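Just so it is clear, A, B, C and D label the chains in written order, and each chain counts residues from 1 on its own.
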Amino acid sequence: MTTRQNAPTDRAELAPALQVSQWLGANPPASLAELRGRVVVLHAFQMLCPACVSHGIPQAIKIHQAFAREDLVVLGLHTVFEHHAVMGPAALQVFMHEYRVPFPVGIDMAVPGQAIPQTMQTYGFRGTPSLVVIDRRGAVALSHFGMLDDLQLGAFLGQLVAQPAEST
Amino acid sequence: MTTRQNAPTDRAELAPALQVSQWLGANPPASLAELRGRVVVLHAFQMLCPACVSHGIPQAIKIHQAFAREDLVVLGLHTVFEHHAVMGPAALQVFMHEYRVPFPVGIDMAVPGQAIPQTMQTYGFRGTPSLVVIDRRGAVALSHFGMLDDLQLGAFLGQLVAQPAEST
Amino acid sequence: MTTRQNAPTDRAELAPALQVSQWLGANPPASLAELRGRVVVLHAFQMLCPACVSHGIPQAIKIHQAFAREDLVVLGLHTVFEHHAVMGPAALQVFMHEYRVPFPVGIDMAVPGQAIPQTMQTYGFRGTPSLVVIDRRGAVALSHFGMLDDLQLGAFLGQLVAQPAEST
Amino acid sequence: MTTRQNAPTDRAELAPALQVSQWLGANPPASLAELRGRVVVLHAFQMLCPACVSHGIPQAIKIHQAFAREDLVVLGLHTVFEHHAVMGPAALQVFMHEYRVPFPVGIDMAVPGQAIPQTMQTYGFRGTPSLVVIDRRGAVALSHFGMLDDLQLGAFLGQLVAQPAEST
């Protein structure tokens, strides 16, 4: 796994805020800060990206089902960087309905005159699918472009969930 | 397999004409009649239907690759009967590009005031994915809603391809 | 597909006889000659060969199910060329029971002092799994080492089944 | 998951000793006690059990690869309770070679006059595949008959690995 391991104490290393123009689905968070104390799995995808649809979304749904909500929260992030016209909010809504996506999905904020949306730029995603894991203290524990094995990812998340929120 | 076996000689039993408002992709046929003499596999799908995306489209691509074009032609038919606003021609074009669909896809003709498009009504499809196989003489040899096993379908198509175009 | 296409008329091109020391399972053929007029699919395997177990045997079972017995017959051939001591008839019998193998399996005849059994030598198999397809006239139409796609193989067999037994 | 959660403090609740007549493969443990302080995953299987071969063994290999050896150790247990004659040590050795099993496998001790071997009886396995997970303190944390999802199992193991060996 391509990981970015951050020492957890410095405030500057906190996961950057999500820049989201709109949330779809139930129970969207007010902000990442609101989720501090839980592990957050952020699945960045595009609804017409084949590897996202065949691998990333099913894996994100499995993660959502494998953990208690008070320990770990899955968020989708629709990072549209191509074919913007046909992957708008109405299309995404249908996609979420048809694929039974059970977690909230934020639409990454468009940047006027640029193809790549705001959060994708801030996090430096190389494409879709990308997966970011944020630990209980709010630091980025993993940032990965491409596919990850279910068992390896489950093991990584299980260990992270077992870590205390406070390092005191 | 749910099949409709037609005796091939009566003109009335020929596969109904496709009512298509627009073709996307290379080498669209002028009509089914133009393809008389070859086996035609018609794959009816919607671009946001999960079983179409995970099963139907990959199978149709395998069929396209398994046969010589002069023996068998695969045609897609985009039979949108729900969520019409987000599955228009521009979205379908992106879908075909992202999923590398190598055969032409016709957009089933909308019927004013009705959800179900024209060809879908004519053929009586119960949903998507649906597969229609037309033999060399132009008669419907198979009409199936849902998924079919690759080996069984390959065997069926192989036998059909081996039949002569003329029953004399 | 690695194929060997034989002109069907010359007697010398008939598939060589199977050298089998024992048949397991119901309805073993007396000889290949007895099956003349039908397509024969010969699946050569070893019960402890991983690709045979995960791919070859399930595919052979699908072929067995996809065709009428009067058109096509599947035969297994246990071509043990390594670890002979632990892949004897009693072990094979258990394997066939556990994996629900529905077609007869012949044990390739051992050659004294040699690892490679008789039929494997005669047919020149390079390893397991290997697949041989014999047409209705008794000629080898396909001989392949390794894995084949279900749809492509189904198409090939369907075309072969549709050919007449007699070329007159 | 069918789990048996033991409070970890009582010595009587420690995982029972393995009764093994012979170990195959590198680095067999002297006993479970020797592994105290690490998580132990015990995969009970039979080499001719289809679900063991297609699901259990590949999953056990993934677990072996996903964790550091000082945190978690995978052990195989060959619990032969049927067809004993063809699943002896020599056959198992070939199976481990052909399937590239990278962890040690113990042969469950036969009980004279009984089909079910000793450790299988002690642990009360209902069949194969069965999976037992022992925590760092030596207590059984999970005992499951059948298949488990990779992501769920990875999450469970990750959490267990993150627990301290001592409960002080």
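Throughout what follows, contacts are C-beta pairs under 8 Å (C-beta built on N, C-alpha and C of every residue); 3 or more make two chains touch, one makes a residue touch a chain.
Just so it is clear, the structure is predicted and the values come from calculations on it, not from any experiment.
In this assembly, the chain whose C-alpha centre lies farthest from chain B is D. One finds 38 Å separating the Cα centroids of chain C and chain D. A straight line joining the Cα centres of chain B and chain D is 50 Å long. Interchain contacts close the chains into one ring where each touches exactly two others, per the touch definition above. Across the complex, chain B is touched by residues 59, 62-63, 65-67, 149-163 of chain C.
By the touch criterion stated above, chain B contacts chain A in their complex at residues 48-50, 53-54, 83, 85-88, 90-91, 94-95, 98-99.
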